[in-house]
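Letters A, B, C and D name the chains as they come in the text, with residue numbers starting at 1 for each one.
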Amino acid sequence: MTELTQFDLVGAWISIFLTLCILSFLYEDNPIYKLAEHLFLGVSIGISITEIYYGVFKPNLLLKLAGGRWLSVIPLILLVMLFFKVSKKYSWVARTPIAFIVAAYAGVKLTGEANANLMTQVAQTMPDLATSWAEHGFWDWSADGAGVFSDVVLVVGLVACLVHFYFSRVPPSVTRYGAKLAIFAGVGVMFFTAAGLLVVDKAGPFSAVFLGMLAGVCAAMPFLAFSTYRPWVTRFGVLMLMLSFGASFGYTVMGRISLAIGRAQEMLGLTRPMEQVVQIHPRIASLVSIVLIVAFLVVWRMRGGGPKEPEPS
Amino acid sequence: MRHLLILMLLVAVPALARGDAWTPEQMKAATTMLQVSEEGGKALRLDGDAVYFGDDALPPGLADAARELIRKRDAGVPVELPRRLNPHPGATPKVVVAAPVSSDFGLTVTAPPENDGLNLKLAWTAPTPEPLAWAVLRGPSADGPWTVVTADLPGPTLDFSDKVTTDVEDERPRDSYWYRVVALRALPPEQVEGEDWAATLLAMGAANPAVEGRPIAVWFKTSPGSLMLLALILGVGAMMLLFTRQARQGKEMSIRRIPGIDAIEEGIGRATEMGKPVLYVPGIDELQDIQTIASMLILGQVSKTVAEYQTDIIVSCCIPIVREVADEVVKAGFYQAGHPDAYRPHNTRFISSEQFAFCAGTNGIIHREKPATNLYLGRFFAESLILAETGFVNKSIQIAGTAEATQLPFFIAACDYTLIGEELFAVSAYLSGDPRLVSSLKASDYVKVFCIAAIVVGTVTVTLGSSFVQTLFTIAGG
Amino acid sequence: MRSTVPLIITFFVGLFMVFEFFIPHWGYHWVTAEFLEWGLILAAGAFVLGLINLVQVNLPKVINRDEDWGYKLIMLISLFLTLGAGLMLGQEGRQDAGEFYKWLYDFVFTPLNATMFALLAFYIASAAFRAFRARNVEATVLLVAACVVMVARVPLGENLPFIGEKLPQFMNWIMDVPNIAARRSIFIGAALGAVATGLRVILGLERSHLGGE
Amino acid sequence: MYDLLQRFQNMDRRWIFAGMALAILIPLLFPVEFEFAVDERVSSLYDAVEALPTGSTVFISADFDPASRPELEPFFRANLDHLFRKDIKIVMATLWEFAPPIAVPITEEIAAAHGKEYGVDWVFLGYKPGKELAIKSIGENIPKTFPTDSRGTPVGEIAVMNGIKQAKDFPLLINVSAGFPGTREYVLQIQGQYDLKIASACTAVSGPDYIPFYKAGQLVGLSAGMPGSAQYEKLVWAESEPPKGTRKLATQAVNVLNLGHAYVILLILFGNIAYFLTRPKEVSDD
């Protein structure tokens, strides 16, 4: 059994105390919380700078310069120029390095986003109806509801959402013919797909017609979106958005609670190996800290601390 | 060494016999022990389902290991000892080379497509029995000098992508390289300690045919995907420039009026009726953030309307700079509305640059000054739901807008109207009429229509079994 | 002059980095890699700027005994204490850096940083009760979806009678179909935004980063 | 009745806080274990690691901090155990300045449990700022991005780094991602360009955001939040025990989530009921 140093024991108690200092904000904004918060700010910046030094300045700049790599002088110069930002008079000097880094970001993000967030997402929203009909049919519980239904919902849903985020004014001429065009497109695509499927022999006659209809629906949707029926399409899009946001709502709640659980595990000494727990006694530490903080809050309140008017709730 | 292992085994058998569940590590250890100890004289034999080691039957788990071992032995496959092969200079390897299985593996060396000119693809055919590992040798010419590229490719491997130089700064790629592959087999460790394995490797390789490969450095990707991507980017750029010019020439940019705008105006109207102020929170991010910029543009219009309605507006900021700019913006709004006198600087406040302190401060404002309408427009993080909650409890009309997907759900659930993602930028473009924003808005609208078309056409073609459209939107990995 | 040089740099560097995607040649990538390294160094420099800025803002407050100067003092002290521990005591090898630095990290930074966000679990609870209202169709759909996900995502949901079987699958459907449809539309929008902004910056139409003019 | 509901609705939020605290503490003190299934995203992550040949080298980007530790540390530990016991070498780096002091000790601990030595079986390259730029740079040229490892050894002299120039030289990238910069940026910046295999373990918050990437094949596996970690723990330690010093925290925590979620759902339910019973009639909601 490894003997913990006094250093660590004190640390473990302090960390539990600080945890509760932050939690005291739930009661109300108070000096202990402020203290803990500012302590946090100071330490975190200190750590960042330390890690930055060992992470970048040392290996990527200093060591290279020490190694006599002349090219590394340029970033050094840029860096020095960047520091002019702090002076009121010469802050313009810093524009060059800032321009450099902003431009680099812009260029890098531009292609990356366009590729991964646009091209790939579009390319991956082209479901093979015939195959998924063959594999999953209309709706397959065992595969989390995969199947042609989901495929069509995906395509139509994405189209609808994109239309919801379409801000230009649609010329009335288009709006007028939208519905008719939708019907034409739908029926046309339906026959085309059905026929095509039969020709390439990817589906039987019944399935071909059925899949044709689905494809027709997908094809009709965009035109419908720019017709007088636009509100309906966008409403569907909004529905999709809301389901999605609902999902992230649930996930976020889960995430936040998980963090709280993590702290609780820490305070109950569930995160450490037993041999350490018996030396630290985290639960006693928690109780002691709670008592201390409550005592402080009471005193502070009695000496007229706290919000000027009671916080209405 | 060997006897030690036998001893271990005999100790291990009863110990292992107890636990039926075997971890891969135990399995491996058992196999090793068996193999080495078998070389020590005691035979492994199958008797029906049972496996005997000498005279004692083996427990289930160990028996499995033994069967595997016997199978390999009969197939002539060398048994894998726990080993680490490490071609790195200085480290002594745990495995050395025996006679190669065969000398010619039909090695081919080709340059990958659209490559940076630093990679070559090696491919070869499988010999029988499968070797334990593969080594790859490289040289500048057919007759060396040869160096070991790698020596721990697992037996089943039949191809390898070699990087001819890892740092072009001190080693430029040559225009041709020569390769050899060597098949490796294991010998028990104690026989190989201290041998110069690299030399042995090179010696073994000498017999094998050397194959030449020429890396090709491509100057421009021409796959349909990357061309499409370039076209898209250039297209957006061209449209933006065009529309900006049109807008500058005063051509009216046709953007539809977004319901959010009406919501904002209604909110301000309500505040006026109730004779209470409007609270405006421009998010908590820096000024240069695109959402904050959008928020400032909207604030300009909002403060103008507020001034016209003769109402008060409180702006609560988390960043000092943002506060300064907001101050200017509001002042300008009041001037434009023709009520410069009604402008109150102290209503544009810097609360605190600490997230939660800012949150507490803003909550305080909501409690004390009871704004009738709260506008949260900009980049929000965790504080979003705390503000929205306080506002709701305070029965204010709340209109939010942000592009932070993780915060949107809370705003939607707690506010009366929420601008979702791009709508925030659209509103700012509409209200400010800034040609740069409007033009990018329209440009992206056109691209969206293009995407929609692509998706529909793609779905149909893919369903019909042609992935042509799909490849147009797919970038082949470089 | 003061802004033309930056604009020229923006244009060329930006363009160069854009074509980095289309030009695989090792020579070209040697240059872009160099640019990227400079970018890293400058990004690191920005942190240091932040530090200087912080001191610039807070030191005067402490000296003039402004409101809350005590807290600011604590902040500055802890800041320099940490810096000292990290840079002075820390030898080669961050992990066996100064004991004190590690101590500060493990027992001061860790609990504070972790708890800051743990607070939100509580605020979500109170907001859930007092503010999250099914006031219209959209909000209703959202809340229902949220509840479905929250139930199905935990072991309890899978062990519910009757629906326990299908619930997780239905949740996965929400995640895989409507969620993806919605996200993709947002992604595409974001991508277009990035392209537009990027081009504006490179073409010099967007100059806010140069300290506005 | 009406004003009772009113008061119920406007009760001091601190009571709700207290309830939350109980909802977390009670199941921790009196644990109830439920069985849970492993969903396909996590199992494919597991399979991606399983499929790696012995002796190959993976890249781990450990981008998390104490705030996200509860969700991601269990995965991180299980993942390291999984890799080391398959004799897979690890090259680790981070884009989060607060990650090194967490990631390194954990890795050392688990490496020790498997008798793996630093520099030969695993290496920690250290932290890089620059977000997208750093990622791009990792994709382009790792020796240039990390001229030395975190102990100051030049990468040229590190056995694990031998023959590795850029991200695409790894058969698999594992990103333990607590947000920005993280998986999204890896996917945007280099996955497509170099056609990389990336597996991600992210916080619950970013889960729904990354699922499209998984579905589009841009990620080979995805483990989101506490359940993800718990499921991965379940897979990795199905028939073996966690290494010394590691406890199945996620499996424990995910069962605590039960009550927490139930509490939030009930709050939403009661809140809305009270709201609709008490809200003044003239206010019409569309």
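Some notes on this structure:
One rule holds for everything that comes next: contacts are C-beta pairs under 8 Å (C-beta built on N, C-alpha and C of every residue); 3 or more make two chains touch, one makes a residue touch a chain.
Owing to the predicted nature of the structure, the values given are computational and were not obtained by experimental measurement.
Listed here as common contacts of subunit B and subunit D: A, C. Highest inter-chain contact count (C-beta pairs) belongs to A-C. For the pair subunit A and subunit D, the distance between C-alpha centroids works out to 13 Å. Averaged C-alpha coordinates give centres for subunit A and subunit C that are 9 Å from one another.
Per-chain Cα centroids separate subunit C from subunit D by 16 Å.
Shared contact sites, meaning residues of subunit D that touch two or more other chains, fall at 10, 13, 17, 20, 24, 40, 67, 69-70, 98, 100-101, 126, 128-129, 133, 136, 144-145, 150, 152, 192-193, 205, 208-209, 212, 215, 227, 257, 260-261, 264.
With touch defined as above, residues shared between interfaces to two or more other chains in subunit C number as follows: 18, 21-22, 29, 34, 36-37, 39-40, 43-44, 47, 94, 105-106, 109-111, 113-114, 116-117, 119-122, 124, 126, 128, 130-133, 135, 138-139, 142-143, 146-147, 150, 153-154, 172, 175-176, 179-180, 183-184, 186-190, 192, 195, 197, 199, 209. Residue positions of subunit B touching 2 or more other chains: 118, 229, 232-233, 356, 393, 405-406, 409-410, 412-413, 421-422, 447-448, 451, 475, 478. Chain contact topology: the protein chains form a complete graph, every chain touching every other one. Those residues of subunit D that touch subunit B in the complex are listed here as 10, 53-55, 85-87, 120-121, 143-144, 159, 162-165, 168-169, 192-196, 205-206, 209, 239-240.
Chain contact summary for the complex, subunit B toward subunit A: residues 225, 228-229, 232-233, 254-256, 258, 354, 356-357, 360, 364, 367-368, 393, 405-406, 408-410, 412-413, 420-423, 426, 429-430, 441-442, 445, 447-449, 451-456, 458-465, 469-470, 472-475. In the complex of the two chains, the subunit B residues touching subunit C come out as 114-118, 168-169, 173, 217-221, 226, 229-230, 232-233, 236-237, 240-241, 244, 287-288, 290, 293, 356, 382, 385-386, 388-389, 392-393, 403, 405, 409-410, 412-414, 416, 421-422, 425, 436, 440, 443-444, 447-448, 451, 478.
Only residues 21-25, 84-88, 91, 118, 149-150, 152, 154, 156-157, 163, 166-167, 393, 405-406, 475-478 of subunit B touch subunit D when the two sit together in their complex. For subunit D in complex with subunit A, the touching residues are 10-14, 17, 20, 24-25, 28-29, 40, 67-71, 97-98, 100-101, 126-129, 132-133, 136, 145-148, 150, 152, 187-193, 203-205, 207-209, 212-213, 215-218, 224-227, 244-245, 247, 249, 252-253, 256-257, 260-261, 264.
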